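Heads up, the thing below is written out as structure tokens.
Read from first to last, the chains carry the letters A, B and C; within each, the first residue is number 1.
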Amino acid sequence: MSKTTVKQKKEGLFSRKYLRYLLDPINDINPITVQVLGICSALAVTVKLEPAVVMAIAVTAVTAFSNLTISLLRNTIPHRIRMIVQLVVISSLVILVDQILKAFAYDVSKQLSVFVGLIITNCIIMGRLEAFAMGNKPWPSLLDGIGNGLGYGAVLIIVAFLRELFGSGTVFDIPVIPQALYELGYVNNGLMLLPPAALITVGVIIWIHRWLNPKLIDVS
Amino acid sequence: MPNTNSTTYTILYSLGMAFIVGSTLAIVSMALKPYQEKNIKFEKISYIFRTVGFTDFNKQNAEQVFQEKVREFVGKHDGTIVEEGPWSAFKIDVGQERKKRPEDRLLPVFVYENSKYIVPCYGVGLWGPIWGYVAFEDDLTTIAGVVFDHKSETPGLGAKIAEPEFQAKFVGRKAFDESGRYVLRVVKAGRAKSDNEIDGISGATLTTNGVDEMLREWLPLYRPLLEKIKEEKIKKVQA
Amino acid sequence: MLEMINIAIKTIFIENMVFAFFLGMCSYLAISKNFNAAFGLGLAVIVVELVTIPLNWFLKTYFLEPGALAWLHPSFSAVDLSFLTFLVFIATIASSVQLVEMVVERFFPALYTALGIFLPLITVNCAILGGSLFMDERDYSFGESVFFALGAGIGWFLAIVLFAAVRQKVRYSNVVKPLRGLGLAFIITALLGIAFMGFAGIKL
């Protein structure tokens, strides 16, 4: 009898379908520029590249592991306390991240200050748990988490790169604008360091992103 | 599979979750605490050594080198010494002391190699707290070096108080005149005229004012205590 | 007293939750398409800030800070539960939002119809958790934290109402296609933020 059953084709861990979970959030359904999620913590840490990179890694770790945990638990969670369970998982992961940063990357943790804690209310994480992890197996959930974290991180790093380059004339704190240019009268653009510049930069990135990818254009 | 909607299940589930999460976090936090405390200690030691330009230490030996080079005293604004010895001044948080009236504050003093006197101070900038350490030469008047830092001043503007370029302007200035009156001023950028006026940061007048007010609030408070420490503790060692 | 009012003014205008710290941007962008909805959400944020920040102040002072448990028994004075801060704050916020929702529904049905749908959204509004975290980080006293909560709420309300009003006008303008909607929303917020930076000169 067993001979007649068609052997179910096992999908490879990185089949095309799975790769899409990972790659779609980076472009077509980017959490920041398309889904408008997780902007709060995105903008405040983009004055310099270093905190932005750390923030991107931290958020990716939290989305990936919270997606994984919730997906593993998805059939056991009592419906009534679903949100609380999700919040507890997210905040525990964020506490771990915070404690680790304080122990091993003290300078960066000081720069990020309250924004590490605010990862908890980063809507990307809650959003992915509800929309994806509650209804999918652990492996796709993990990939989806990493993908969304990276999509978020990519925007963060682009914004931080531009702000640091034009605002301070450095990249990762290394001066890149030649001294000769300053002698010719070039000055760093102080506006890039102030909060509104982050918004303008993101606005322009969205503009370019939609111009290159017209299917994303807002119909409203 | 038990019924996930029953009340008993929900309660047991929450209790189990609270227990697992609570114990995991407690264990991690306890395991990482020594590293975190070491970071905070190292940062403070670095501030103090930077005011006198001493750089020959690293994360491993910082605490030991600090104890070899620095003597600590705690006193009051009228010059009475209330405590001395390893980590006595170090554990005092001037941010907390600032909430008290000036005459009630405990004032920490660090003496580097029996010749330079380093005092901490704490104030507010434009966005949040700013703090610093000022090192005096043996005459208790001339500034040997300063270090400032801040929580959230505007990067590229007010945040420049934490950069060596601004801090170097203080070296060699006299904070007090002959009669012991406090005369140092940090003024709006480009307005410094005399030797005891220091140019602030252009575009960051409010942070500059914060530094001026912080120094004006703290440095005169330390003066009698520094004289006393020099008189009673340091001269004896040197003699 | 004057100092406390200063904290409120400072939080409304100079350190506005939206324009200086980008807190609560998600709901700020999503709800501001409709002026009335923005108004309702803004009011709800004021109420929730005023409930959660003082409540979290109590929890922080009597349970979480190093040595905070000393009032239970002197031997607990070495206990430091501050690593639980995030968890406790968000739990307080989630449960008080539910409580506020029930109270409003029971006693102010008219208000409930106006605010009701926004209340659940507020749990994940970073402006709320951000308010509590700033209260913790800046070490406010109880009175200060109440005025800070008031300022944070009003500041957020002001930001979303202003923005919604501008957005309603923009709907009739001819904007380049890729910039329509979200892209322009960011740039409008930036311009409002620049206008608010003018308040930084207020001497308090």
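Here is the rule we go by: a residue touches a chain if its C-beta (ideal position, glycine included) is under 8 Å from a C-beta of that chain, and two chains touch if they have at least 3 such contacts.
Because the structure is a prediction, the values reported are computed rather than measured.
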item: Remotest chain, chain B as reference, centres from CA atoms; value: A
item: Contact-richer chain pair [B-C vs A-C]; value: A-C
item: Whole-Å gap between the CA centroids of chain A and chain B; value: 35
item: Gap in Å, rounded to a whole number, between the CA centres of chain C and chain B; value: 32
item: Approximate Å spacing (C-alpha centroids) for the pair chain A, chain C; value: 23
item: Residues of chain B whose C-beta touches two or more other chains; value: 21, 25, 28-29
item: For chain A, residues that touch 2 or more chains besides their own; value: 84, 88, 92, 95, 99, 113, 194
item: Touching two or more other chains - residue numbers and ranges from chain C; value: 83-84, 87
item: Parts of chain B lying in touch with chain A, wherever the complex brings them together; value: 1, 4-5, 9-10, 13-14, 17, 21, 24-25, 28-29, 32, 35-36, 39-40, 43, 151-152, 154-157, 203
item: Sites on chain B touched by chain C in the complex; value: 21-22, 25-26, 28-29, 126-128, 206
item: Chain A to chain B touching residues, read off their complex; value: 47-48, 75-81, 84-85, 88, 92, 95-96, 99-100, 102-104, 106, 113, 167-168, 188, 190, 193-194
item: Interface residues, chain C side, partner chain A - complex; value: 19-26, 29-30, 33, 83-87, 89-91, 94, 123-130, 133-134, 137, 176-187, 189-191, 193-194, 197
item: Chain C partner contacts - residues on chain A that touch it in the complex; value: 33, 36-44, 83-84, 87-88, 91-92, 94-95, 98-99, 113-114, 117-118, 120-123, 126, 194-200, 202-204, 206-211, 214, 217-218, 220
